[in-house]
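You will see chain A twice below: alongside chain B first, and alongside chain C after that.
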Partner chain A sequence: MATKIPNIEDAQLRADIDRSLRHPVMFFFASGAAWLAVSLVLGIIASAKTHSPDFLSCCACFNVGRTMPAHMSTLIYGWGAQAAFGVIIWLMSRLSRQECKKSGIILAAGHFWNLMVAIGTLCVLVGSNNFMSGTGIVWMAFPKPIMIALAATYFLIGIWAVIAFRVRRGGHIYISQWYLLAALFWFPWIMISGILFSQIYLGDGHPLMVTASTAWFRSALMFLFFTPVAAASAYYIAPKVSGRPVYSYSLAIFGFWALAIVGPWAGMQRMMGTPIPSFMQFLSAGAAVLMIIPAIALFVNIIKTANSNKDAMSYSPSLRFTVAGAYGMLTFTVLGALISLPGALQYTQFSTAQYGLELTGLLGFFSMCMFGAIYFIVPRITNREWISASMISQHFWLTVYGVTFIALFYTLLGGFMHGYTLEQVGEPTEAAVGRLYPYAIGLTTGFVFLLIATFMFCCHLLLMWLRLGRRSSHPTLLARHAHASPHGPEGDLDKLESLDSNASAN
Partner chain B sequence: METNLRDTPLRRFNTFWWGLALFVVFGIICFIIKNFIQSDEMYSVDDERGKERIVKREQVEAAQAALLDYKKEGNEVQLPPSALFSAASELKILETQPADSGVPHNKEFK
Partner chain C sequence: MSVQPIDPKKPDLEESTNVAEQHAAVTRASAAATREQQVRENGLEPVSIWIFIAGSIVAIIAGSVLFSSNNLFGYDKFVKAGYVQADEVGGVKTVPMGEVEAVYMAKGASSYNKCKGCHQPDGKGNAAFPPLAGSEYVIDSPVSVLMAVINGVEGPITVSGKSFNSKMDPQLNKSTDNLEMAALVYYLQNSFGNKVGKIYTPEQMNQVKAMVAERPEGLCSAAELDKFRKIQLEGDLFEPGTLINKKTGEVIEQEK
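Right after this comes the complex of A and B.
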């Protein structure tokens, strides 16, 4: 009996932490999912323009030059950043065993972040020609004031996770905390460097250096912010759901340091052949290839940990998405290494392969890990279980189909074919566009799969936020058992509560 | 549950301000790099390449001029073209008419 008291206290503490973070975390997840849907709609429009130029030609705001940057910006700052914030603040509080005491400030900052993303997206789509016009810089298309406001808002969101870590209970620092803390510090470094060098110092009259610093910014944001957050989530979900410890803790630490050492050097390989120092181009190409090392460390650890309990992998939505994310990470880094090889860059540098690679990383790796985390976190903070296992299953498979179309068909095949045709001196540019036609249709198809999946996910998440989920102590599982409902018996919590009230009345 | 000795208001306060300082430090470092380390002098790629081309052209012209300069090897003397023209006019070499031939456009061709 004496050993149960700390467990009860710990469960109470976990419940208090979940309650303290319910609104900010749900807000980040729900608004992030909505931005993902918006981003995919914009992506479909931009992609459809490639193979059907007359599509939505009635309005200038649907031009590729506007929809494409709006699509990427909403994907990064609308969905990616907000999903990451939700996971960071919940995971750091849980692992540090600290309630969040400033959830109101985080929620207010979250609203402001969304307002800035909405204004920035409108500015890009409207295409005005003043200080609030889109910059046209890839991944930093929002106007300068919006980017500065986003960086400042980040401080009000992230600092509470750092404080939770500093005042944590217990001495052990989990590998997930290593990754989260690194992401919390790397994000302002990348954002401030990117804004200052790409938008403020070099914005006027240095197009070459803007392109170079933006190439680094894109790579750094992917490798030093989205990757560590996804890795932290995977290192939390895999052992938690499978009920086994991480396969190799030393491998996990090695993977972390490999990422920290190699990650910042990648990015400049996109500038191959330009008049910037050659060592930077080749060093970055080498770093992009070496990123396979931390990816393999993460992949081996997650797969080995998840495989230790194969049943859990078949029925847990969180684990299934996380394992798919680990495969996505491996695919992303292998594709990245392949198209960054100096021999391959002549075909991929100016082709669609670079855009496809970014989509593979953001959707196939990062988003998969975030979906896994959301399916794990939301029932705990809403005190409800997911409504439909089939909706989760469809969300998973449609996302997998969509990402496969984008990664293999569009990025690998389309990227190389497009680049190969561009390289042919005797061929007109129209030939390259014509060669891209089937792959552009493939991209649109992939986006449509993802949009349907995201729509289902959004509806599901919204119902959970409204606390319309199942009231049950049995989680919603994917595998159907012959002897019982996959959801477990309905209303068992109500029965327990009525028994409890009867006992206390007697 | 045991008390958490780490969780003090002072520690939370310190962390907030250290976090803010670190946040600002990134900007300050970028500012220092831009304004104190990086030179504001701009180089045009065309101008820099042009300077290299001019140097190369001067070298080529000097080498060509050296080839055409006065040179004496045994009984043979090489004169620069300018000297040859004055000597040729003195010797009336340039007034010599081409030989008659049946080649089209020749004066004698009919």
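Right after this comes the complex of A and C.
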């Protein structure tokens, strides 16, 4: 059982690790959150264009053909990748019990990454027509030089986490480390394959092959980078906050290998009916269904672990977001399997269901786990506590509401309605667009909720970055009554410190 | 902050260390790190049978998805039968069709986008380029206008009583679709105030192509175009209101 006496040397080491990483991690989180807000604004414009085409028609850069790829790229490379990097380097250092000695290099690489994302987004929006023009390839819309620069910058960020693992202290490798290490190696594999196949080898080649390799790229980035990072964070936060062991460690290991074996095969089901070898399409559709198995392993483990400490569930923001992320994982994979069934693909292949599914995965699963991790990590690296519990609570509920709306209403209902109308021979495409109208408004509404939530989150994070958080021995919890806190009565650290220095002066 | 580094080799009860003070100092300096709990690993709860059952159901569905393809490695049958959208509804073949005048005007207007730059959207031309509105080369014969467009024109030329001296490169070629050529002629002869009204068939365009093949390569002169102005195409014209296939130009037989 847990010992209640804190091990002081251990705490000192943890605090030193946190301090060594505070600049890069905080930079990744804060700029990532800002990109998330930018991405949602672009998403609202793109979505609004589908139901109100005259919205912002003054300027070509607001066309859906530009805002849509800019929205997706900022979501993936601006928010997703940066949140993941922050969590990877912090969690890997903590679990390997090693301070980071190269945080300056990581910070510089992080600045360069942001610069590249900013230039790439501007290129896509401006729509220039030279070597710096957007590629128009989904999820890889940035100009080719920018994509290559991003892939190269990754090595400067990721290598230090691999080194921290290599020189780790302590013999046992925790499940989160498995997931993190896998993500660290899978990310460059996916990025380099994606760039090589859809931009360099096949850039001027057959568009079918570009579409096929991009379909794999999207699925692989989701299943083999965002998923393992989110899973690593969930497997850390749930036992850490609840103070209980992972429900079944062998199930966790099984989930990891199931993901590693099944994940790379998915993706090609989007090419159903195209002239590529048909085993690829059906194997991928099968893999998309099989992805439910690692999702069940993660879901059961996280929920069982968190449920073993009901108090922690009610008061900890980190745990609440992580549990929501576990539900998001299950929803994402079940929804993904449903729309990848060969019978359903007839309706979902070209409809909004695919886009809605990507949003469900990125926002409902990955982002939820990242929010959980950020609410846990930031007080440790800034030595300040979150300012307002109600802001965290509102962030949570607005995000959950927005994502649920997008997943169920837009993806499931809208996707099938849209696809069904597209399939009607003799009906003009206009009819399908008309059928999509209420769902497009629904998507905009969902995005607006998410944007409000993200705006609050950004402000909160920015205040923490400016070191304006509460100085307290007591964390910011969601429970309304202080007696529910396991950390005893609240103490003001500044007051305690001044007493302390007075005492030593005397 | 007055945090003294802790020497791990010193036992806690060594006299020079005030243990309570050190603990308090560290606790304050890193409150969050101190209060957090250790991750306890290796939970060994038995995995519920229901998880196995759920996993098996998923695996069976995935397997049936995989083998629902009749032909995993048959590279000849890439497309599963019955998947491709049919172009027949209830046994009636559906083709895109329209009345010939409307189809020709729409196709011709789209081709004319290339000409707008010099001849202007209203077909009136400007100081350097001759007008198409009221031009004898456009109105008199489909041959002269197509020869000009296919071969290009060079040298002094008088159009509607005004003389011009400029150059037009070839805009179409011998392999251009007959339907596109016929539509362009109809568009030019019936726009900008021109009212000729004759609807040439795509087949008649083969006569023009034959004339192009006979003449030597190079741009046309005004004298050559004047010769073509006197030639008319042989064969039957389309009746107004004939239904044609928008893509192929074939006449659609209507059931009476």
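To be clear about the criterion, the second predicted complex is superposed on the first by the 483 of 506 C-alpha atoms of A that agree within 3 Å, B and C clash if a C-alpha of one lies under 4 Å from a C-alpha of the other, contacts with A are read in each partner's own complex, and residues count from 1 in each chain.
We take it that a contact is a pair of C-beta atoms (placed from the backbone, for glycine too) under 8 Å apart; a residue touches a chain by one contact, two chains touch by 3 or more.
The structure presented is a predicted model; accordingly, all values stated were derived computationally and were not measured.
> After lining both complexes up on chain A, report clash or fit for chain B versus chain C.
fit
> With the two structures laid over each other on chain A, which partner does A:Val289 touch: chain B (first), chain C (second), both, or neither?
A:Val289: touches chain C, not chain B.
> What's your read, chain B or chain C touching more residues of chain A?
C
> Under the stated touch criterion, which partner chain does A:Leu251 make contact with: chain B (first), chain C (second), both, or neither?
second
> Does chain B (first) or chain C (second) touch A:Arg168, or do both, or does neither?
A:Arg168 contacts chain B only, not chain C.
> In the overlaid three-chain picture, which partner chain does A:Asp18 touch, first (chain B) or second (chain C), both, or neither?
So A:Asp18 only meets chain C here.
> Return first, second, both or neither, reflecting whether A:Lys144 touches chain B, chain C, both chains, or no partner chain.
neither
> Should A:Leu196 be classified as contacting the first partner (chain B), the second (chain C), both, or neither?
first
> State whether A:Gly243 touches chain B only (first), chain C only (second), both chains, or neither.
second
> Touch check for A:Val425: first (chain B), second (chain C), both, or neither?
second
> Just checking: does A:Pro275 make contact with chain B only, chain C only, both, or neither of them? Give me first, second, both or neither.
Touch partners of A:Pro275: chain B and chain C.
> Superposed on chain A, how close does chain B come to chain C by Cα atoms? Whole Å, please.
5
> Can you pull the chain A residues that chain B and chain C both touch?
After superposing on chain A, chain A residues 6, 9, 275 contact both chain B and chain C.
> State the interface residues of chain C toward chain A in the complex, per the touch definition above.
Residues of chain C touching chain A: 1-2, 6, 8, 22-48, 51, 54-55, 58-59, 61-63, 65-69, 71-75, 77-80, 83-87, 89, 94.
> Would you tell me which residues of chain B are touching chain A in their complex?
1, 4, 6-8, 11-12, 15-16, 19-20, 22-23, 26-27, 30-31, 34, 45
> State the interface residues of chain A toward chain C in the complex, per the touch definition above.
Listed in rising order, the residues are 2, 6, 8-9, 11-12, 14-15, 18, 172, 174-175, 236, 239-241, 243-251, 272-279, 281-283, 285-287, 289-290, 292-293, 296-297, 300, 304-305, 337, 340-342, 346, 379-380, 383, 385, 423, 425-426, 472-473, 475, 487, 493, 496-497, 500-501, 504.
> Considering only the defined contacts, which chain A positions touch chain B in the complex?
That would be residues 6, 9-10, 13, 97-98, 155, 158-159, 162-163, 166-169, 185, 188-189, 192-193, 196-197, 201, 275 of chain A.
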